[in-house]
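Order of writing sets the labels: A, B, C and D. Residues in every chain begin at 1.
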Amino acid sequence: METENGSSATLLITCPEKPGIISTVTNFLTEHIANIIDIDQHTTDPRTGIFFMRIEFDVESQTIQKLEQDLHELAKDYSMEWWLSTKEKRKRMAIFVSKADHCLMELIWRWKTNEIPVDIPLVISNHADLKEVVESYGIPYYHIPLTKDTKENAEQKALELLKGKVDFIVLARYMQILSPKFISNYHNKIINIHHSFLPAFVGANPYVRAYNRGVKLIGATAHYVTNDLDEGPIIEQDVQRINHQYTAEDLKVAGRHVERRVLAQAVSWHVEDKVLVHGNKTIIFQ
Amino acid sequence: METENGSSATLLITCPEKPGIISTVTNFLTEHIANIIDIDQHTTDPRTGIFFMRIEFDVESQTIQKLEQDLHELAKDYSMEWWLSTKEKRKRMAIFVSKADHCLMELIWRWKTNEIPVDIPLVISNHADLKEVVESYGIPYYHIPLTKDTKENAEQKALELLKGKVDFIVLARYMQILSPKFISNYHNKIINIHHSFLPAFVGANPYVRAYNRGVKLIGATAHYVTNDLDEGPIIEQDVQRINHQYTAEDLKVAGRHVERRVLAQAVSWHVEDKVLVHGNKTIIFQ
Amino acid sequence: METENGSSATLLITCPEKPGIISTVTNFLTEHIANIIDIDQHTTDPRTGIFFMRIEFDVESQTIQKLEQDLHELAKDYSMEWWLSTKEKRKRMAIFVSKADHCLMELIWRWKTNEIPVDIPLVISNHADLKEVVESYGIPYYHIPLTKDTKENAEQKALELLKGKVDFIVLARYMQILSPKFISNYHNKIINIHHSFLPAFVGANPYVRAYNRGVKLIGATAHYVTNDLDEGPIIEQDVQRINHQYTAEDLKVAGRHVERRVLAQAVSWHVEDKVLVHGNKTIIFQ
Amino acid sequence: METENGSSATLLITCPEKPGIISTVTNFLTEHIANIIDIDQHTTDPRTGIFFMRIEFDVESQTIQKLEQDLHELAKDYSMEWWLSTKEKRKRMAIFVSKADHCLMELIWRWKTNEIPVDIPLVISNHADLKEVVESYGIPYYHIPLTKDTKENAEQKALELLKGKVDFIVLARYMQILSPKFISNYHNKIINIHHSFLPAFVGANPYVRAYNRGVKLIGATAHYVTNDLDEGPIIEQDVQRINHQYTAEDLKVAGRHVERRVLAQAVSWHVEDKVLVHGNKTIIFQ
């Protein structure tokens, strides 16, 4: 999808339904000499619902600023929320980890191969274990130890490190609960991987509980983080078949592969601006 | 798996672990001129656990009675529970339905093609809707209307109809909760299909709740019925991918296909004596 | 998706890429007081490729004729091929079968529940086996016996029965190869189910060949019929895990479930105008 | 599955069917004070077929030598082929790679976490690209350049490096065809990953051909290498859903994840002695 002379851009829009909105937006882009490459849209109700749209288009670099200015005007008329991004400007992703490395390594591997085209300005951890491997990829690693008493300070420190440096955060098996204060800084911009098929097994030790319940499939769920534990908008889920021979430990091992697959997929979609949030749900424009 | 002169039989065994148990049982069968065709076994712990075994074997029809007698002796020495079945004697399955026909029709279709080799002596329903279609297959249909007040009587009537006629019961989207008294008559012999990926969405209206939660996969679960609603031993589960375009009604429609697939699979395994129950879990010898 | 006073319609378009085409079409619909509900589009190359679009919209019944007339004009300017359908006018589907009933019964079941909203004016078969069951649903059944020598006559007879009565044909495990002459009457309007994961096992006896090759998954493929056997545009495929315990006969039994699932899905998409053909490939607007 | 005082061992057996074989073997093990933990068996025909068995058992380290000696005798009576392995003695795996790193990295990651409990004495490549990353894990890397003319020499060099050092070889996207001479040294001991769902797209460029054919699922196949290209016994296969939006390049990227999953699974089973080869097919005792 490389463009020689132009700039590939993506526009996300949410607004109340209104007749003619699609042609209004496509006309707007045509007038700004933008060539639409891909268009996706969804509505909760074609008459009275909420409207969601994603448009990918080619546009000359010099006209994108003008387009952005004019969008402000258009948005007012339609009570739109909108987000414009360009491929030129890569998104910046912070990764939070604890001790487990599988999700981290999957993200790093997909970053290295450019399958997930992001920058990774830093990794933050409450443990030192993964410092060496992360730094071997030239990525700064910040070890911020954390106890119950120091949590507030630790989060403050993290916020300072992140400030102005990142566009979103991935919790790659980060085993700490973030405070509402922290989360409020990154609304719908923190992606967590939960090691169960939510809403089954919300909370701690899902694999042990899955083992005790005798389920025949285990799963993983990637979701945006909200103040309600494991209740945020789900981006992606997948499952893996297991059987009675699996111990709780075997579930954990097998589950790692679902976790990294699901998290990497969710991060890809987020980076490609394919996710829109509507209340506690997501619209994914695949 | 047809045998010309013999009788294909299946033996299921559960007992506490004890060294040499496998060779004891295989010797026992060899001594009874049984030719082992398939053997499966599982243990919760090779030293102190519970041992489970399934053996499929060919044996002359005239020796099976002697084999059965001798098994009683063997079982005492090992504190075994055991179940012996022969292919000659087909299992008898009652089906309970309400108004939805998809699970019922799937079972009937697989019964007609002999993919599920059972007899169906009767179908019982709290509604009359499916009477005609069931009877068109030559299967007796009993309509037992049921209100809160008449539930006890209705169950009593059903028990009388079933008595001595069936080996197990399938609730093919039967929308009534059975009483502990009824269930006690068919311990681990009632299979239910729940229209969610348990333990997510226990109870009523799982599709509406799945819709509201914004999950990306919906599922179905076949399980043995116990007194705890939707908490019985899980036999089979499966899922289907959905997306933001699905309404709650669409989930219901898409879910029907997972339900019938999952229920039919569970019934197949039950009929082929491939399921052993251990507490609240199942061992499936596929 | 019911509309009270209006008519829900779907427009499919294929044409060479041209800047502004999306806004042209959306403007055209807006001018005809059509309210766009869903829009999907695809391009093989945003500058020099072929452009494909599907638009679902609400429109007053009385304006649809005018819209259709004006589309002819628009189409000329853009060298468009286009297809307009309305929900009011259900598609008419003929089913061809031989002896196996599983795909037929799946289609009939989904037709009865209105999951696949079509009319079925007739079923044609080279055998009499399924006459009774088909007629029990009130669907006319034509038994046209067929030998090598009578094939031409038989096809001629079928064409006469179909003439003016059906919009597309489904080969639901019809075990005869249609002549190029027959196919030319229903270009991209005949859907076949092949019982393998194409292009593996093109031709006869795919399950036996899958068994001999020792594959670990079997599959089924629904495709439009062309003159090249099993080479037509693929609409849908799916697979099922098997193992070394499966005999060739077991593969056949297990495969039936994939076949009916895959065929029913392909027919659904065709009926909902979600399939566009591009050379030997399909675009599916899910 | 750790054993404190004993040694966990696995016995694989292939022989012609003979009545009583299972009890013979289980008795044999009981006499050698071996505690059977898991038993799996398969037969191509219970009377005249080939019999396959896998037994996992605990045994004292000092008795295993005697057991091995006595097995030679038993094997004669039954025309058995057999393989005995112990968990104490880890298998040694060589990896062959070219330039692509995804399969290599997956194996290394699962080796590091001990999910695949092997030793990796060396990696051999016809390119130097992956030298640094492999050596960073402390694994020796041998770069053996290879042209058409030097192939024989190169293979000879590789054979010398491997001699006495490895138990099996994994071709982790090694883009060279091995000679029959090389293969004869490692009969059923070379695992290859082919980037298609075999037997579809045998040979070169499967993703381009999958793209041109318009398939709706792409796959990967792990198999033992024989002299017939891509025709060896299949160990594992899996697929991934794609759609019309995928370019040939996208298929390649998406396919990488199936490839590493399928290859890692096949290697796991091989390492755990869960694979038996029968002609051109495999029996997998999961």
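The rule is short, and it goes like this: a contact is a pair of C-beta atoms (placed from the backbone, for glycine too) under 8 Å apart; a residue touches a chain by one contact, two chains touch by 3 or more.
Per UniProt, the chains are A, B, C, D = Formyltetrahydrofolate deformylase.
Every value quoted in this text rests on a predicted model; they were computed, and no experiment measured them.
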Chain located farthest away, centre of chain C as origin (C-alpha): D
Please state whether the interface between chain A and chain C is built from the same residues or different ones, using more than half shared residue numbers as the mark of same. same
Of C-D and A-D, the pair joined by more C-beta contact pairs is C-D
State, to the nearest whole Å, the distance from the C-alpha centre of chain C to the C-alpha centre of chain D. 42
Chain-centre distance (mean CA atoms) for chain A and chain D, in whole Å, is 37
Mind pulling the chain D residues that touch 2 or more other chains? none
In the complex formed with chain C, which residues of chain B make contact? 102, 105, 109, 113, 115, 136, 253, 257, 261
Please name which positions on chain A make contact with chain C in the complex. 19-20, 22-23, 26-27, 29-30, 35-41, 43, 46-47, 58
Contacts from chain C onto chain D in the complex sit at residues 42, 197-201, 212-217, 219, 233-239, 243-245, 278, 280-284, 286
